[in-house]
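Below are two complexes that have chain A in common, paired first with chain B and then with chain C.
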Partner chain A sequence: MRLPLLVTITLVAAVTAIFEDQVGKFDWRKPLIGCPARVHFDKIGSKSDRLLISTEQSVLASLVLNTGNIGWRRIMETPEEESTSGLVFTKDKEYIYSISSDGRSARVWRKQDGVLVRQLTISEEKSSVQSIHVAHGKLHVASGKTLIVFRLGDEKPLETLVSKKQRIYSEFFEHDDTLLHVSVFAGETELEIVKINDNGSFESPKHSKLDSFNAEKCYHQAQYISCIQGSQIQIIDVFTQKVYKFSADFPIQSVIGAGKLILARGAQKVEVLEVTPENGVQVRKSLDLKPSEAVGITENHESVIITSPDAIRVVFVNSNTHFSAKRGDQTDQKSTKIMENSIPKTIFARKNEKDWEIVLVGDDCRVEFVTVDDTSKFVNLEWAREESLINTVSVEMVDLPLSESQQMIEDEFEEEGQQNIIAAFFRRIHSQFGQLCRHIQRSVEKIIYVVTSISRDGNGVSDFINSVRSAGQMSSAASGPFERDYFNLRKVIIVVTSSGTVFGIDSADGQYLWKLWLGETFSPLDSQLDHKRVPLFVQRTTAHYQLDGLASVVFSNKNTHNGIIVSFNPMIGKVESRNELGFPIKRLSLLPGHTHKHVFPVMLIGKNDQIKIFPSITPEELHGSTSSLHLLDLQKEGVQGLKVDISSQNIQPVWQGNLGLTPDDEIVAVKGKSFNQKVHSQGRVLVTREVQYKYVNPNLAAIASINKANQHLTITLVDIVTGQVVHSAAIGKAAKPIHLVHSENWIAYSYWSDKGRRTELGIIELYEGTEEQHTQKELFDSKVGQKLPPVVTQQSYIYAQGVDAMSVSETEQGLTTRSLLLAHPSGNIHEVSRRLLDANRPMELTQAMREEMMIGYMPEIAVATEEMINYNQTVHRVRGIKTSPSGLESTSLVLAYGTDLFFTRLVPSGTFDILKDDFDHVLISLVLTGLVVGSYVTKRLARSNALASQWS
Partner chain B sequence: MSLSAWKLDYSYSAKNCRTSDSNFNPPGFYSSAATVQHSAEAERSADQHEHLARKRAWDTAMGPVKSLPMNMFMMYMAGGGVSIFPIMMVGMMLFRPLKALFSVNSTFKPLESPATGAMIIHKIIFCLGNLGAIGLAIYKVHTMGLLPNTPSDWLEFIPQPGRAQYSIIDEVFI
Partner chain C sequence: MYFKPSTLLFLLISPTFIVAEWIIDLEYSLNGFTNSYPLGSIEMRRAFDGNFTGTFKPTQEKSFGQKIFDAQDGTYSVRAKSSTQPGQKFLTTNDPCLFLHSNLFHVFWLSISQDKQQLHTITLFPDTVGWRNDEEGKYNSLGRTCKDRAPAASAEAESGTPKGVVHVVGESTLVSPDTASFVQKLEREKRAKQHGADADNRSFLAKYWMYIVPVVIFAMISSAVNPEAQGEGQAQ
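Moving on to the complex of A and B:
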C-alpha cells in the first residue's frame, strides 16, 4: 500500500523541479551584507584589494574593492539586543578574528575565502561589551567579565581572568610592544588598566580616575580614549594615564580620530586636535561646515574628508591647503531616473600613492566607494551598493501600465456614451490601423537589430539564430520597463525598508528603477507584536491608463512620533504628496470604496481615535461601498470589537470579551485574510461526489497565543463583526517560533513541539457541511447565523526542518491549488502543496479514494530537494515571503526577503495554461508543412504512376 | 428485398425446359408426380411465407431487447475506469440505439406485407428495446461518473459571495 503512495508523492514532486537550462531565467537573487559598522581596507596577497566589513546585521563580509562584489560573506547569529556596532573583529596577515554569539565564542576566519578555521569558547555568559586584539602570536579577548588569552593555533586558553563585576567598556591598546587592556566596570568611573605580558600573564591592574564615564560617547584610537561631556572633551592617554581636557566653544556631537589626530565635531564646526605629552591638547585646525556635511579622517594620512551631497572636500592638516572635488552625477545611467540618496553618515578613507579611497556609508545604508584624484580634482564613483534592502519590511508588486496597443483597445471601449455606429466603426478602424503601424514599426526595429548584430557578429548559421533569438528578447527590454507584457509576468516590486528607503525594482532582472529616501526624521511604526513596520498601500493600480498609479507609505516622525504619509507614483517614484498628521498612528487600513479618481483612500486612526482619510472621500462616493468598518482591538485584559463609521468619523465598541487568555498568555500572531482574496471553488468534492462547502468568512481573524507557564499554543478563530468564537484549538507542549498563515477556509501554522522535539505543521480547515447544511448566498453576512456551526477538520504533520517564514501562493482567480512556502533556517525555500498539507488526508485509502488520486495520511511531510524553489540559491534569514498573482492563472510571483532578496515565479500546479518554454514552434511547424507538402507531392506522383501503369 | 418479390415456380418450368422431355428423366422419375408434389407444396408455402414474414417482423422488433443482456455483460466487462476503450464502447452503445430509433420506419419497411400489417406493436417494442439500451448506456455513464448530475459537478459555477461587512485585521501600533 505504501509503494503506490510513495510513487504518487514523488510524481507530485517531480513537476515542481526546474530544469538546468531554466536556472536564472525567471529568478534573481541579491545577496546583501547590511549596513556597515566597521570597515577595514585590506589586501589579499599582493594585488587583490578587499574591504573587510562587519555590519549591523552581524554579517562579516569581504568585498572586492574594485567591483563592490561580495568576495565572501559569513552570517552570524543575530544578537539578542539590537546593536548598531556590528561584530567586533580584528585581523592579522592571514586571519580574521571575530567575537560572535553574544560574546560567548571567538572565531578565526581565513581572510582569503572566509573559511572558519577555529572556534574558541570564551565564556558561558552573554555580553555585548566585547573587544579583541591579536598581537605577539597571541589572541586576546575580553567579553563581559572574562579576559582571556589564547596562543594562536591553540584551543586552550593560556590565561583567564574573570572579574567579579560586569564591564561596560573594554578595549585593547598596543603601543611600542606594550599591550594594555582598559576597562570600566559597571557603576564605576574608574579605568582599570591591565598590562598583558609577552607570555600572556596579566599584571596587577592600575587605576585611573575619571570624572564620569559614558561608553557610548567615547572613542578610542592609537593610545587615547576621548570622551565627550557637553562641550568638553576628555582625552586619556592610557599608557601614561594622563588626562587631558579641552573645551570647545560649541557642543560636541561626536568625536573620531586616527593616529595622533582627534576630530571634535559640532553642528557647524570641526576642531582638529592633537595631543602631545609636552604641550597637552593643541588645536591644529578649525574648520567650518554645514550640518548636512559628514566628516571623516584618512587613516594613514593627515587629511580630513568632508562630504556634502554634491562635493567632497579634502583638507590637509599639515599645510594650509585644501581642495574640493565635485561629485559626479550619482544617477549614472539614465538621468531621468529618480534616485534619492541620503547624505553620508560615516566615512572610511585612506590615501594611497595616487588618490584617496573613500567608503561612504549613508543613513540609508547606501555604501559608496569613491576615489578622489589629487590632480584632476574629480570624484570617481567606483561602485555603490544599496544595503538597506536587508531591512525590507513591506513589499507590493504593481502591474506595469498598459502597452500602447492595449491602451488603444481600452480607448475604443472607453467612450460608451457614443452610440453612433459609424463613429464606432471609424474608431475601430483607427485603432486597428494604429496597431498595424505599431507592429510594422516593431518589426522594422527588430530587423534592423538583427541585421546590425549579424554584420557585427559574423555570419555563421548559429550566429544568425542567436541574433534572431536575442531580437525577441531585445524587444521586451528595449520597450522600456513601463509597459505590460503579454502575460503580465513583469512587475514593479516596491520594497520599503525600515531604514527609510523605498525602492522600485524591476521584477525581470532586479534592477533598481527608482529610489526614495524618506528623510532623516523617518522612524518605522512599532507594532504591538514587536515588529517594525512601514505599511505600504497601493491605492490606485495602473489599470486606469489615463491616470498614473498611486501608492502610499506610512511611517512616523522620529522626533514628534506623529504619523507621516507619503504618496508616490509606483512606476517612476515621483512623490505626489507628503503629509504630516497631527497625531501618532495607532492603526491604518485601505478603505474598500474608491473615489471618482479610482483612488482607494487610506484611513489612519490616531492614538486618541482621531480619524483621517487620505485622500478625502465624499459621502456619495462612499455610498457605493460601505459606510462602516469593523476592527479588532486586542488588549492585555481582553478583546474588543470596534466599529468605525467613516462618514461621521467615530469609533464605538460593538462587543467585548476575552479569549480566555491568562496573564501568562502572549499573543504571537493575529492574521486575517487579504482584502480581496479570490476563492474560485466554493467547496471540496468528496469521494462520494458530494460537496463539502467551504466556510469562507472574510471577517475571520486567527489569533495565536502561547502560554509560557504550561506551554500551550492556542489558536482562536474569532468573527470580528459579531465577536463569535468560531473555533479554538489548543496544542500542548508547543513553543516558539510560531508562524501562521490564514487563507480561504484554512489556517496553517508551524510550531516547535517540545514533546516530539521537532517542528510540526498544523492545518485547520473549516467547512459549512454538505448540501443540506449549506445555503446559497450572494453576500457573506456575519450577522446572519449559520444553521450549524462550521465543521472543523484538523491535522498535524511532522516537518523535518525549522521554519523561518511562512507564506502562501496567490494566483489571479484562486483556481490553482495553493502552495505553502516555508523558509528554512538553512536558506532553502520549500514549496509544500496544499494537497500534502491537507486536513482531509484519509487514514485508510480505499479503492475509490485511490481513483480520485487522494494521498493517504502519513505523519511526515517529506522535504525533497527538487521542491526547493530557490534550488541552490541560498536565501539567508528570510523574514517574509511576498506572493503576488500574475496574469497567468498558473503562475504566482514570489519575493523572499531577509538577508538576501530572492525573486522567482512559482507554478504550484505546473504550467497548465502555457506551453513549456522548451516547446519548439519551429520544429513543429516545419514538420507540419513538410507533411502537407509531402502529401501533395506523393498524391501527384501516385496519380502519374497509376496512369503509367494503366498504359503499360 | 422482400420475400414476396420472387418465388420458385416449379409448375411453369415443366413445359419448355429440358426436363419436360421424359426421355432425359432418370429411370423411375415421373415429372408429373413431381409437379403434383410441387403444386401441393406451393399451396402450403403461401401459409408458410405468411408465418415467416410475421416471425421475421417479431425477430426484428425483439432484436434490441434480446441484445440487452449481452450489452449488460459487455458493460460489466468494460469496467468503471474512465479510459479510452470503455468510453468508446459506451459511446457505441449509446449511439447505435439512437441511430436505430431514428430509422424505425426504414428498418421495418422491407418487412411490410399484407400479412404483417402496419406493425405498430413491433415498432413500439423495437423502440422500447432501443430505449432500454440507451438507458443502460446512460446508467453506465452514470456509474462511470461522467454525468453532471451531482452538486459537485456544478461547484465551479457557484460565484464567490460578496461581503456584507468590511473588517480590518491588522497590527495595532503603539
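Moving on to the complex of A and C:
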C-alpha cells in the first residue's frame, strides 16, 4: 500500500536532482567574509602568505595573500548586539585563538586549515568587553568580569579571577616578558593593572588614576593607552603608569599606532608622535591631508601611508623623503565599466623586503590588496573583494536588452498599419536580409573557431566533435553582455546592500558588470519588520528597446534623515538622476500605471503625508483604474486602509478597525502579492471532475503576528481595499522563526512548534467553491464582495529542519507547478514541490485518486538530499531568496543571499520545454548522416553483388 | 418556590435568545461625516455552539434611498461603535452606486473575536443577491460615474429603507500535523493485512487473464501461419 506512494514521491524527487556533469553549469556561488574589522598579515608554513581577518559579520577567515581567495572561513554565532569591532582574536605560530558566543567561550583554530582544535569555556555570562592574549605557553582571556589563564593544550583553567564589577575596557599588554592586563570598571575612571606572572598567577592589582575615561575614545598601542578628549590626547604608559599629555591645534578624530609611534589624526592634519620616558611626547612629523584621505602606519617599518581615491603616498617618518603612486586600474582602462568605490576607511600595511603590502578597506566594505614600491609610478592592485554583498537587502533581476535581430523584428511590427503593402514588403525583405547577414556572420565566426581549434588541438574525430560543440557554446558566452539570449535565461541581477552599494551582476557567471556607491551620507530606511531596508524598484524594463531600462533605489540621508531617490540604468549602472526630498520617508510604493515613456513612477509618502512621485505623472497618463492606490497602515493599536488619490495627492482612510492585537503581540510578516504575478489556471479539477475555482484576490495581504505571552501565532488575511478580513486563524504554542509566503490563492507558513518541538509547515488554500457557487467574471472586484465567503482548506506538515528563509518559484506564465524554497540553517536550500505541500492531500487514497496521481497525506515532508538545489555548495545564513521568471516556462531563476550569494536555475516540474542540455545534436546528426550515406552505399553494393551473383 | 428542571433549563437558555450579547451601533454619512445619520444597529448573539450571529436592525428612514441616489458618485461611509470596545472607531466605505443596484440590500461583514467579544473590522458590501441574474457580473466599482457602470439603477431603490444581513467571521484555528489519524490509518491497514480481509480470493484465471490471453492469441496466430509454411516446405 505504501510502496506505490513511496515510489511516486521518489519519482517527484528524482527530477529535481542534477547530474554530476551539470555541476557549476548554471549555478555559481560567491562565498563572502564580510566587512573586515581586524586584519593580520601572517605566514603559514614557510611560504604561503595569508591574511587573517575577523569581520563585522562574525566570520573568521584566512585569505590567500596572492589571490585573495578564501583559504578557509569559519562562521560564528551572530552577537546579540550589533557590533562593528569583529571577533577578538590572537595568534601564535600554529594556532589562532578567538573569543566567540558573546564572550562565553574561547576557541582554538589551526591556522593551516581552520580546524577547530579546542573550545574552552570562559564564563556563563555574556559580555562584549573581551580581550585575548597568548604568551609564554599560556592563553590569557578576559571577558566581562572574568580574567582567566589556560595552559596551552589544557582545557582546565590554570587561574581564574572574577571581579565584582563589569568591565568597560580590557586589554593585555606585553613588553620585555612582562604581561599586564589593564581594565577599567564601569562607573570608574581608574585603570586596574594586573601583572600576570610566568606561572599564570595574578599579582595584586595596581591602580592608576585618570581624569576621565571613555572606552570608545581610547585606543591601545604597543604599551600605551591613548584617549582623546577634544584636541587633547592622554597617553598612559601602562608599564610605568606615567601619563603624558599632548595638545594638538585641531580636534583629534582617531588615534592609531605601531611600535613607539602614535598617529593622531584630525580632519586636515595628522601628527606623528613618539613617547620616550626621557622627553615625554614629541612630534616627529606633521603631515597635511584632505578629509577624504585615510591614514595608516606600517606594522614593521616607520612609514606612514596616506591613501586618497586616486593615489597612495608613503611618508618615511625618520627621513624627509616620501613617494607617491597613482591608483587606478591600468588593466581596466579600455573597458568603460562603471565601478564607483568609496573612499578607503582603514589601512592595514606592512613593509616587505622590496615593497609595501597594503590592505585597504573602504566604507563600502571593498577589500583591496595593493603593493607599492618607491620606484613605481602606479599602485599595483593585486586583488579586490566586494564584501558589502554580505549585507544584501534588495534584489531584482532585469532582462537583457533585445538582440539586434529581435529588434529588427520588433521594428517591423512597430509601425504596422501606417505604411502601404509594398513598404511593408520591403521592410520584411530588409529585416530578413539583416537576419541572414547576421546568421552568416555568426556561422563564419563559428567555422573559423572550429578550424583554428582543430589546427591547434589535432585532428581526431573526437576533437572535431568537441570543437563543434564548444563553438555552439562560444556564441552564447562571447556575444557581449548586453544582448538577450534565446530563452532569456541570462539576466542582470541588481543587488542593493545596506552598506550603500548597488551592484549589477551577470547571472551567467556572477561577474560584476557595474557598481554604484550611494555616498557617505547613505543610511538605510527603517521599517517596522526588518531593521534595514533599501527598496529597489525596476521602473522600466528593457522590453522597450528604444528606451533604456530604469531602476531606482530609495534610502535616507544619514544627517538630515530626508529621503533620497537615485535612478540609474540597470544595464550599465549609469546614474540618471539623484533627488533629495525635503522630508523623511514613511512609506513608498511603485504605481501600477506608467507614463508615456513607459516608466512606472515611484510614490514616496513622507512622515507628514507629503506625496512625491518620481518621475511625475500627468493625469492623462493615469487610467481610470489606477487613479488611486490603496495602502495598509498596520499598527498594534489598530489597522486602517488608506486611499491615496494620485491626481489630487491626498490620503484618506477608507476603513478602520483592529486586528485584535495586544501589546504582547508582534507583527512578524506582512505579505501581499506582486501586481505582475500570473495565475495560469483559475481552477483546480477535482477527482469528481468538478472544478474548484481559486479565490484569487490581488488585493489580499497576509499578516502573521505572534503573541509572546500565550505563544499564539495568528494569520489574518485582509483585503486592503475594503478591510474585509477574509480569514483569520490562530495556533497555540508557536514560536519564532516564522516565515510566510503568499502566492496565487495560497499562503504557506513555517513556525517552530513548542508543543511538538519541531518545525512545522502549514498551508492555507482559498477557493471560491465549485461551479455552482462560482460566477464567471472578467475581473476581481473587492468592493462588490463575494456571495459566499471563500472556502478555506488547510493542512500542516512536520518539517525535520529549521527554516532560515522561505520563498516560492516564479515562472513566466505561472503554469508550472510552483515549488517552495526553504533555506536551512545548515546551509542547504530545499525545494519542496507544491504537490507535496498541498492542503488537499487525502488521507485515504481511492483508486480514482491514484489514477489522478494524487499523493496521500503523510504528516511529514521528507527532506531528501537530491532535492537540495545547491547540492554540496553550502550557502550560509540565508536571509532571503529571490526568484524571477526566465523566458522558458519551465525555468525559474533563483538567487539566495546571506553570508554567501548563490544563483541557480530551478525547474520545478522538470525541463519539459527544452531538450536536456546533454542532448548531443552533433553526434546524432553525424550518426544520422552516417546511416543515410551508409544505406546508399550498401544499397549500391548489394545491387552490384546481386548482379555479380547472377552472372556467376 | 419549586421549579421543574425543564423550566429551569428554559430560563437559563432564554436570555441567550432575548438579550443580545453586544450591540454595534452604525451611523452613515455621504459626505465624509460632515452630516451623519443613524443607520441602525447590529445585535450580536451567541448561539449554542459558541459562535456569534448578528442581526441588522435598520432605522426606518424613508429618505435613505433618496439620499443614496443623490450622492451616487460620492462615498458611502459607515462608522460603527461597539458596545464592548468604548472609544474604538470602526470605519468602512463603499460606493453608493452599488447599493442602488442591490435595492439597498447590505451585507455587513464582521470579523470578531469570539472569546473577547470584540469587533475587529466591519466591512460593508452590496448584497449581490438583490441583483437580477442577467445583470450579474456587470456591475463593478470601476468607472468614473454611476451611469458609466450600469445603465439604469432600479427606481424602487430611490424610496427605500436600508436592509441588510450580517456575516460574522470569527477566529478559527490553524491545524497541526495530523499524526494521530495517519498512525491509525497505518494500523488499520496492518490489521487488515493480518486478517487477510484484503486477500485476493479470485480464481487463477480471473487474476491473470491479462497475461494468458496474449500468449493464447500469439499461439493461435503462429499456428495459423505455420501450417502454410510447412505446406510449402513439403511441396519443395
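We take it that the second predicted complex is superposed on the first by the 905 of 952 C-alpha atoms of A that agree within 3 Å, B and C clash if a C-alpha of one lies under 4 Å from a C-alpha of the other, contacts with A are read in each partner's own complex, and residues count from 1 in each chain.
We take it that a residue touches a chain if its C-beta (ideal position, glycine included) is under 8 Å from a C-beta of that chain, and two chains touch if they have at least 3 such contacts.
Keep in mind that this is a model prediction, so the values were computed, not measured.
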Partner chain in contact with A:789 - chain B first, chain C second, else both or neither: second
Contacts of A:301 with chain B and chain C, given as first, second, both or neither: neither
Partner chain in contact with A:727 - chain B first, chain C second, else both or neither: second
Which superposed partner A:629 touches (first chain B, second chain C, both, neither): first
Partner chain(s) touched by A:781 [first = chain B, second = chain C, both, neither]: both
Touched partner set for A:713, first chain B, second chain C, both or neither: second
Which of chain B and chain C A:843 touches, first, second, both or neither: second
Common ground on chain A, meaning residues reached by chain C in one complex and by chain B in the other: 625, 776-779, 781-783
Residue numbers on chain C that touch chain A, as the complex places them: 32, 75, 88-95, 98, 107, 109, 111, 113, 116, 118-126, 128-129, 136-137, 139-144, 167, 169-179, 181-182, 185, 189
Interface residues, chain A side, partner chain B - complex: 525-529, 531, 533, 584-589, 592, 625-626, 628-634, 670-673, 678-683, 685-686, 689-691, 696, 698-699, 701, 720-721, 771, 776-783, 851
Residues of chain A touching chain C in the complex: 1, 624-625, 638-640, 652-660, 713-715, 718-719, 722-731, 753, 755-756, 760, 762, 764, 775-779, 781-785, 787, 789, 792, 794-798, 843-844, 857-860
Residues of chain B touching chain A in the complex: 81, 145, 150-153, 155-156, 158-174
